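In the two complexes below, chain A is the common chain; its partner is chain B in one and chain C in the other.
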Partner chain A sequence: MAQLKQEIAHLPRFSPERLRIEARKEQRKARLLTLFIYTFLIVASLPIILGYGWLVLNSFSETLAYGVLPKGWTIKNFRFLWELPSRYYPDLWRTTWNTLLLAVGMTIIMILVATPTAYVISRMKFPGRNMMLAMTLILHSFPGVTLLISLYYVLRSLGLLNSIVGVFLVKAGLMLPLGIWIMKGFFDNISWDVEMSGLVDGATRMQTLYKIILPQVKPGIAAMAIFSFINGWSEYIYVITFIQKKESWTLSSYVNSIIGDFQFIDYGLLSATALFYILPVLLFFIFTQKYLMTVTVGGTKG
Partner chain B sequence: MAAVVLKNITKAFGSVVAVDNISLEIPDGQVTALLGPSGCGKTTTLLMLAGIYQPTRGEIFFDEVMVNGIPPKLRNVGLVFQSYALYPHMTVFENIAFPLKLKKVPKDEIRQRVQDIAKVVQIDDLLQRKPAQISGGQQQRVALCRALVKNPDLLLLDEPLSNLDARLRIETRAEIKRIQQELGITTILVTHDQVEAVTMADQVAVMRNGVIQQYSSPEDLLLKPANMFVASFMGDPPMNLMEAELSSENGKSVFRCGSELKIPVPDAIAAALQSRRDREFILGVRPENLELLDEPHELAVPGTVFMVELLGRDKLVDFRFGEVALRALVPADVAVSQGEKKWIRPQAHRIHLFGKADRQAVPLAG
Partner chain C sequence: MKRRGYGMIVLLLLPALLIILAFYVVPAVLTGTMSLTNMDHRLSWNFVGLDNYKAMLQDTILSRVFWNTLLYVFGTLLCFNVTFGLLLALATSYIAERQAERTSMFFRALWLLPRFTPPIVYGVIWLWILDPTRNGLLNGILNFFGGRPVSWISEYPMPVIILTNGVIGASFGMILFYSAITSISKEYTWAAEVDGAGWLQRIRYVTLPLIRWPLMFVTAYQTLSLLTSYEYILIITGGGPFYRTTVWSLYAYNEAFGGYYASYRFGYATALTLVLVLISMVASIIYWRVFRFREMMSEPKIEVI
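Right, the complex of A and B next:
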């Protein structure tokens, strides 16, 4: 750089040589920047890549050399799929079913409750509307952990301890504000003109909602549904706290018990179950990410 | 088709009065424009006619039937929004067919009617596209089709041309006018563009702050403005407006405008003003009503050209008299250059006077 600078110092402002050297300087700068960006991104994503790489390799290896390096190829870590690892564990498929129930339940309740609520909040004026908006936001910003003990008592008095329904209700209550906020944003983005247009074209308010508004917030509903499914699938803290009975376990309690219940941790088994736990979410995400990414294709202005 | 009457309509949003006690009679089968700057209440009026808003006070009649409280779906009006408000998830065909589907028109008839109306505005080859895949001008025509396909009694257009580029605007303007005349449909056009209002409408209501300033034919708006707002809002380039004091000099009456400009008063105006007490007015004369003469004339004012602007077919010649500016519009081929001395003669019957206090037009003979 410094050398180049010296070289061009004596050249007139717009001479061809000078412009050529300046252009070379710019190219060099751009290349350096690209290099820097790549280095930064690689370093930043290294922990994630290494972590998951280790998980996958380890689930297929017999032992760990030096406590960390996977060694020896086997699938015996996956034997939990067809037999109980020990009598302490509930049936894997039943546990998976419970997890699925929680995830799907969350998805359905979010769609059925958050969507209409968000529509009303976005489109209608009623007393207490602003207060409601503020409250949902505040409620959502409380850390859920602070409610653990009181929720435990509430669930116990309702007889919902040790049941998926209990966890489902708690989760739904805490997730709905977020879902409502997300959906409200989507409804806010639809212009009033389009809705008025529906009314003038001869639709009732309900028809306008079903035929014109909802189709346009589909990506929002999809995003929220996926989000709720993943959130329900990976729920940990409430499941661990409110469910002791093994028949009601979900996969997160299952993995948790592998870490906690043994004298020494069977890393092979742990990795294999963890992989089993992650895989559906991963597949689900790969198939649905197009909905998460899409933003409405607007058609109101040219 | 329907004649529309608004009787003492007021619309308030909370404490903000958007439309203030307006009354209008809109004749059957013609185009009526609501013209005014943004925020004057013209769109609110339109939405009240569509039934989206309910008036706070007053009554709306369609063919002598009061329609207050009747929902939009029963009013049979077609509305074209400024934003077009097409349904982005539907194809062009589905967009246009939507009003008919809601009316449960048989499928074959829907297809026929959509194709017929699409042919009229030449979008019949776009029916399978989505709104996002067609141009702004095409979207505009789709919106027009959707409004027309149900044979509405009343067509409402909210700034239908303002999102189009200049050339397309002229084409579409003529197109809408042609369709309107073909169908003979009562049309109400909301616009802030005076050219649009004047070219398309049979009569124009100029609005400001929720009040109608003048309701008349386009010609009368330009030739007989009812007050100073209409005078300054209409016309391009804008009317010359200046404070003028009626006084007499050497036995002849003149308007004193500022310290340096004295405009001789034509006899007809002097006679008309004789009965009035007030001596102070706002004088208005349009640039195109100022004649430039090379020789002195008893009704002309001498002036030196300050600046000349070429506006295509015309030249705008700017004179300064102290703080008062006077602009004259002459054909582009008239030779006039900066610093030249000219005599400026206002056409006597094109001088407008407005009361200084109330800003209302002073009636002058002729």
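Right, the complex of A and C next:
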């Protein structure tokens, strides 16, 4: 640097040569900064890259040398797809079906319940509207752990312990205030004139809702659906707390048990089951991350 | 006509009201009532007044849990959710601005991925990275260089849970800060550049002051989220070894459903969770005052979001 300064010291202030040398200097500095930033990003992301990379590589290999380099390709880690890991495990496909039921059940409830509610709150005047809005916010500040124990009581009283239906009702209930707020935002963005023109043309409120409003909030519904599906598919706490019976296990309970039984014996099996579990999420994630980035903001995870 | 209108409103609202009533309002009321009983797995309502709250004062483990919670919440917040989230946002916005929007997008998506991974799968990944034998990533690398394996989880439990939660937590700040940074109007940046400010100076004197509100919002909001999040701790350390990573919410969970040492102390656990709600409220009031959020609400001072 000092050398460069000396080099250009004798040149007149705005001579083309001096400007060229200075521009080159600037460029080199910018390139260095870029290099530094890329290095930071890559090094910082290593745990994530290696972690998810391992999940895939380890599932298809015999062993890993030094814990990282795969040796000997195999699919024997996936034998759980056709045989039980041990006789204490429930059928994998039944477990997968339960997980799907949880995810789909939750998605359907969220769409069917949050959409009309958000529409009414966004569009109509009725007594108690403000109270309802305030309530959805206050309820949202009640954390899940506070309600977990009383929800256990409620589910038990309703005979819904150990059932997928119970879990997705509870999850949908806890997510509903957030869903209503998000959907209300989408409805608020549609101008009144559009709806009014429908009404003037003689359509009923319901017809305008179906034919004019709903098509316009489709992106909102899609975002909420994807979000609910992934949320339901991934659920851990409510599943292991409310479901003990093996017939009602989801993949969360399944992988949880594999950790307990096989962590130090059979890493291949563990990573293969985990990969099997994450696969749908991964596909969803790759194709819909743009949607997800907009909804994340409402998430409550630390 | 008017009555028909209300009928439709009631019809549309009914499902939401029923679900919220059954799975939100009723449980909230039940929680308050339960905290006054000594309910256990038999689920009998035995009112004992404020005994549970008095018991908390004598609970020797609880003071330890309290300090764990403080350390965990503010450790994760300062290291990851705010600082690291900000670094990621700065780095990815730099790349998006100058080189490649797609690369920037890739890194943001990569950091968002843990948030959408099923918690148990995320746990599996970390259990492998931190495995005490040389089958794990860290010990595998140590072994390559001739080191002896370290049992990370039992020797450094607190850093482990801060790290594992932080990798998820950083993405929240990253997304918010990124959108705040990229919507700073270009004139400011150009003005600073003309004045001869370098990248660091631009961050210090232009970017940071302009994203002040998002910074404060993330700090406050994530404090509350961290106070009530225990899922990943439960999976990775289970609160151990010997309560060293048991935070308040996990303590309440384990008192109720932990199974292995306490069994179904529902009354005590609900009282614990209610105190946690109280702590959250106090924290939000403090933040509200200290960060002067009222100002943010009253005037549109943030030009960036």
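Just so it is clear, the second predicted complex is superposed on the first by the 226 of 302 C-alpha atoms of A that agree within 3 Å, B and C clash if a C-alpha of one lies under 4 Å from a C-alpha of the other, contacts with A are read in each partner's own complex, and residues count from 1 in each chain.
Everything below uses one rule, namely that a contact is a pair of C-beta atoms (placed from the backbone, for glycine too) under 8 Å apart; a residue touches a chain by one contact, two chains touch by 3 or more.
Since the model is a prediction, treat every value here as computed from it, not as a measurement.
Novice: Which chain, chain B or chain C, ends up touching more residues of chain A in the combined arrangement?
Specialist: Counting residues of chain A touched by each partner, the higher count goes to C.
Novice: Taking the superposition on A as described, I'd like to know which of chain B and chain C A:Ala172 touches: first, second, both or neither.
Specialist: Only chain C is touched by A:Ala172; chain B is not.
Novice: Just checking: does A:Val43 make contact with chain B only, chain C only, both, or neither of them? Give me first, second, both or neither.
Specialist: A:Val43: touches no partner chain.
Novice: Applying the document's definition of touch, where does A:Ser252 land relative to chain B and chain C: first, second, both, or neither?
Specialist: second
Novice: Counting only touches as set out at the top, which of chain B and chain C does A:Met131 meet: first, second, both, neither?
Specialist: In the superposition, A:Met131 touches no partner, neither chain B nor chain C.
Novice: Under the stated touch criterion, which partner chain does A:Gln216 make contact with: chain B (first), chain C (second), both, or neither?
Specialist: first
Novice: In the superposed view, which residues of chain A touch chain B and also chain C?
Specialist: On chain A, the overlap between the chain B and chain C contacts is residues 296-297, 299-302.
Novice: Which residues of chain B touch chain A in their complex?
Specialist: Residues 47, 50-52, 71-73, 77-79, 81-89, 98-99, 102-103, 130-132, 134-140, 146, 150, 163.
Novice: Considering only the defined contacts, which chain C positions touch chain A in the complex?
Specialist: Checking each residue of chain C against chain A gives 5-6, 8-9, 12-13, 15-16, 19-20, 22-28, 30-31, 34, 43, 76, 81, 84, 87-88, 91-92, 94-95, 98-99, 107-121, 123-129, 131, 133-137, 139-141, 143-144, 165, 167-169, 171-172, 175-176, 199, 222, 224-232, 234-235, 249, 252-253, 256-257, 266, 269-270, 273-274, 276-277, 280.
Novice: Note which residues of chain A are touching chain B in the complex, please.
Specialist: Interface residues on the chain A side: 191, 193-194, 196-204, 207, 211-212, 215-216, 218, 296-302.
Novice: Taking the complex as given, what residues does chain A use to touch chain C?
Specialist: 33-34, 37-38, 40-41, 44-45, 47-52, 54-55, 58, 64, 66-68, 109, 112-114, 116-117, 119-120, 124, 126, 132, 135-136, 139, 141-154, 156, 169-170, 172-174, 176-177, 180, 205-206, 230, 233-234, 236-237, 241, 251-252, 255-256, 259, 263-264, 267, 270-271, 274, 277-278, 281, 285, 289, 292-293, 296-297, 299-302
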